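In the two complexes that follow, chain A is the common piece, with chain B as its partner first and chain C second.
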Partner chain A sequence: MAAAAPARARVTLSRPGVLFAAIGLAGLALPLVQFRANRIVAGEGASLPGALGGWGWIAAAALAAALLVGVPARTPARLRLALALGGVLVTVAALGASAGALTPPGDRIARVSPSAGFWLLGLAFALAVADALARIGLAFRQRWALLAGAVAVVALVLGSGLLDDVSVMREYQARRDVFAREAGRHLLLAFGSLGAALAVGLPLGIAIHQVPRLRAGVLGGLNIVQTIPSLALFGIMIPLFGWVAATVPGAAAAGVAGIGAFPALVALFLYSLLPVVSNMVVGLSAVPHGARDAAVGLGMTRAQVLAQVMIPLTLPVVLAAVRIVLVQNIGLAVIAGLIGGGGFGSFVFQGLNQTAMDLVLLGTLPTIALALVSGIALDLLVAQLDGRRGRGT
Partner chain B sequence: MIEIEHLTRRYGDRTVVRDVSLTVGRGQIAALVGTSGSGKTTLLRMINRLVQPTAGRVLIDGTDTATVPAHLLRRRIGYAIQGHGLFPHRTVAQNIATVPRLLGWDAARIRARVDELLDLFQLPPVEFRDRLPHQLSGGQQQRVGVSRALAARPDLLLMDEPFGALDPVIRASAQADLRRIQRELGTTLVIVTHDIDEAMALGDRIGVMDQGLLLQYAPPRAILTDPATPFVARLIGTDQRPFHLLSLSRVADLATPGTADGPPVAPDASLRDALALCLWSGRGALPVQGGGVVTLEALRRAARPGGAGADP
Partner chain C sequence: MIGRAALGLAAAVLAAFLLAPERFAPLLRPLAANGAPPIYTQTSLLGLTLWHLALVAAAVAASTVVAVGLGILVTRPGWRDVLPLARTVTSVGQTFPPVAVLALAVPLMGFGSGPTLLALFLYGLLPIFENTLAGLTGLPPAVTEAARGMGMTPAQRLVQVELPLALPVILAGVRLSAVIALSTATIGSTVAARTLGEVIIAGLLSSNTAFVVQGGVVVGTLALLIHAGFVWLERRLAPGGPSDRR
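Presenting the complex of A and B:
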């Protein structure tokens, strides 16, 4: 077929490929890292070759080549995936190496932080990974393996010391113990509020499905809660719980307090209720009428109909609610840092106070990673469940 | 035995079942026919109290069903719901095992019963046991729905258009199987159907409903030869009457001594089959296996009201 084609055969372009290449090449043109003599002063940018010399040129050329190979439409998806994953690794390695090269030996004050070039390259390759994965259409088991593999590689890279000279890791090294504690606190806030919302919301959803008169009132109330901005909610809760802790005997001992983790937990819990309750109600009303009718007709009691037919059939919708709430709460839990509730948010707000972006990143990057991993894992669970039951039965 | 006494059901000011009384004897089959929306399903569902009667009562073996806890009543009554109603999250085997599990049968007994029913309805257990309902065809789903109704060997069975989605071949064999099971176990069966042939083939008595009223409740022969109202005659279809009538009797009932040429007909074949064979082969008489003949003349007489076989 090549013989029949005209001499200047048109190469069909892959639109996403062009976009990723444009983003990535812009990233290569911009400084990869920023060097500052200390944490506060303004810095100067350094490109890949600027930081690493000859190796930098090689790395930049390799990255550019990887981006350009994705441009023609006929590049196979598996090659795209390999190149994109390779691109991510090279970009991260370049960051670590640049930081090592730019930092004067023994200097604990100088800061090398990722700059626009790094973020754009990272974005381009991450998008390319997602695009390639969507094209390949992996089986569930492979997707789980990939997720676990990605987490393992990140852990390995962080543990290897490759990035130890990068500013965010410098901030981390100075706060190892605090970081572990705040990470635990963040997980507690996100998962604790989710657990509480499920414990209260699922029975509440069942109740208002059984007693439709309650529906408008309960859902309306939760809707209003949902629209209160988080800062305003704290504004209400801080004095309220402060007063409760001071006046109700035993309340303070039970953990009630105006500031700290308690009001943060309560706020996250309240924000989680609406998705949980409304999804439960939607799930219950979507149960096929025939299935419910048959359950009653075959002699199940009310409780058996609920436990054996209705609730199992709401599982996919409930899991979807869990996904929404968990990802939402992992992000929202940052706010807890504002009122002394701990979590990654405490780094963010400390960083903002000191105008130390590296510290802000130390709070935001793990938050994003956590939300991403939870979101993907739950998406996989929901899709798997749907696949097993067949859609629309 | 089911005794239905003056059952009425109103929704708002619409009466969808109006003062219906009928009795189904132990081991008998009652087939309910009627136009869509005439109240068949509603009547059926008042028997297992899925619909609460506005007035009237239902006695099962002499006990007023209103005096028994509804869920215990329903476990004794097999119910095949219109449109199968399988549980989408449970496998075929789990669906069929629903009532036995509620009754606390042990696992081995349940498993044996499930396989027995699947075999009976031509769904090889190895292949079908662990499938989910969405992995079945419409006809297979219906057969699983019927198996589920039969699982705990109920004395009383309610079926709402159970074979609607089956092709004629499987439908005929499913009807024959149902009939056999029903005879073996002495099950009392109330079946709703749109198919007059099915009602004729299965029903000891046929109930004809229109706009909530039970117009006639009588043996098939009486429905054919002596319709209570013009509507009943129209529903049965006047063009098919002679053939329905013939299908109600067997060759053995009409055989007379004598001999005839050609391949013989089985004594338990229906007169309708015998007529078809006469017409197809151009013969005036057929030999009957085991002796005797059946003549075209006798068949012609039997196809008229008041003909042979009219008196049991």
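Presenting the complex of A and C:
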């Protein structure tokens, strides 16, 4: 049993450190990359030393050392953070260098893709970064700087050409323009539906708060929308708006269509409404009576109390809804790719159909990155607002 | 939220539809354009529904075991150092879009139910873990003190006092995960998992709205019923609830 761990081990070993080391060392033992002579044939794995020779041994030794330094509980959190960040960078650099070394010069057909070893090393160091950050407890300003720095480093690495020989980047180079278009489409789907949900949902939440009779009907209806599986909701929107565009005069001219991004946008909008509306209602009803009474005592009208006192106080709760909706929509927008709505999902489903995993990665990696960055940024924002409020009162 | 009568009616209509879908053909025919079949017949709808439920049940059971186990572990003295890590893993698990996990799991697990199980499992961890933490750490100190005063061992306290009291909160987490998993499982059919998503995808591929609607409505109704079932169970198990008044 867990509680029966020997006391000596509890003093000297960091359990998370042991876990990261186990994952990372397993990653070092497994092939880092997979080499295929072309996109279709079966591949063969290559370990770090196998791909890079002497430099590979050095890199592997450095990574193993970084993992083992994290094992003793005494290792300070800042050192852990530095080692973990270094580990991530070395792992990514090793991927790029291995791809460059394994690809014969001038060969545009050979594919070198990340394999189990790369993913496990990445996982171990990413977890170590997260764990170290949680231990250090940085100030908000530093956390923002770190997030911005991470995004900048990713952009720099991608722009530097370091990874250009890796299969995913090969897929990217082959369809630069399409990628830019689908990225724009994905952002439009995720942020557009969020914007629409805020524009409709916040007033709706205020209305429900003012007229409680509406509450059960509206929230009940929006709850039922949530139970409809996303695939079906997307699918229902296509004929529905196709029909609207064909029969309602002026609808087609206004951009309503049964194909393309419009049905997906509406489906995402419908999913987004419940968190926005219900959080607005919760936020308004959580405003302390004292604040409301004080505002009335100052001679404010009912509308002024609402606009100047109550709505500003709901900001953290509304931001929490924005976090839920945005992360959820970035993920759900992938499904638009299945119904011709575009976005990163079109790479994912194209890749699945052709069993071309590099193409699947080209769709999933940016989606995951977008979801993570949005989630972390909004978590920070919510925590910051809560903290400020805690100090203010 | 919805009256008991409405839920009963929904359950009855769902059962009737799954047992004899062809009876509902006239209702769905207007949605099937150009004389396309109004009812999905390639596989039995009842069979698909059972597969769908089994897949969700397996994934949620796995999430529950891992998340509750993790929740218990990080609230034991001496294991606090794992708490930040457990928090990170579960919250990142839910930030990862399930479709992305599904697609990435295909090379590892092949087409079929495996990737769906993994995606649902990861996505379901967070609500259960957070609720287990809330349930176990939110116990009234008087209760845990009393249990300690009675000379209970830590294991006895956990099994006889802490877990039973936290159970309704944990169940609320399981409910959230189950309802989300039920609708997310449909996406699994894009990588050949046997779920009701098969019906919806067949509808999307052949532009047959009748298929899309029947798949969607069956899943939605199941979600409502399962939600109601959990809420009922939570009320029964709540301290001072009906099961206490034997």
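In this text, the second predicted complex is superposed on the first by the 379 of 393 C-alpha atoms of A that agree within 3 Å, B and C clash if a C-alpha of one lies under 4 Å from a C-alpha of the other, contacts with A are read in each partner's own complex, and residues count from 1 in each chain.
The rule is simple: a residue touches a chain if its C-beta (ideal position, glycine included) is under 8 Å from a C-beta of that chain, and two chains touch if they have at least 3 such contacts.
Please read these numbers as outputs of a predicted model, since none were measured by experiment.
Enquirer: Of the two partner chains, chain B (first) and chain C (second), which one does A:351 touch, if any: first, second, both, or neither?
Expert: After superposing on A, A:351 lies in contact with chain C but is clear of chain B.
Enquirer: According to the stated criteria, A:291 is in contact with first (chain B), second (chain C), both, or neither; which is it?
Expert: Only chain B; A:291 stays clear of chain C.
Enquirer: Quick one: classify A:268 as touching chain B (first), chain C (second), both or neither.
Expert: Neither partner.
Enquirer: Tell me which of chain B and chain C touches more residues of chain A.
Expert: Counting residues of chain A touched by each partner, the higher count goes to C.
Enquirer: Is A:300 touching anything from chain B or chain C once the two structures are fitted on A? First, second, both or neither.
Expert: Only chain B; A:300 stays clear of chain C.
Enquirer: Give me the intersection of chain A's contacts with chain B and its contacts with chain C, in residue numbers.
Expert: Chain A residues touching both partners: none found.
Enquirer: Tell me, which parts of chain A touch chain B in their complex?
Expert: Touch list, chain A to chain B: 288, 290-291, 293-301, 304, 309, 312-313, 315, 388-390, 393.
Enquirer: Can you list the chain A residues touching chain C in their complex?
Expert: Answer in residue numbers: 2-3, 5, 10, 14-16, 19, 73, 127, 130-131, 134-135, 216, 220, 223-224, 226-236, 238-239, 327, 330-332, 334-335, 338-339, 345, 348-349, 351-352, 357, 360-361, 363-364, 367-368, 371-372, 375.
Enquirer: In the complex formed with chain A, which residues of chain C make contact?
Expert: Going by the criterion above, the answer is residues 1-2, 31, 73, 76, 78-79, 81-82, 84-85, 87-89, 92, 95-100, 103-104, 106-107, 154, 179, 182-187, 189-191, 196-197, 200-201, 203-204, 207, 209, 212-213, 215-217, 219-221, 223-224, 227.
Enquirer: Per the contact definition, I'd like the list of chain B residues that touch chain A in the complex.
Expert: Residues 45, 48, 50, 71-76, 79, 81, 83-89, 98-99, 102, 132-135, 145, 148.
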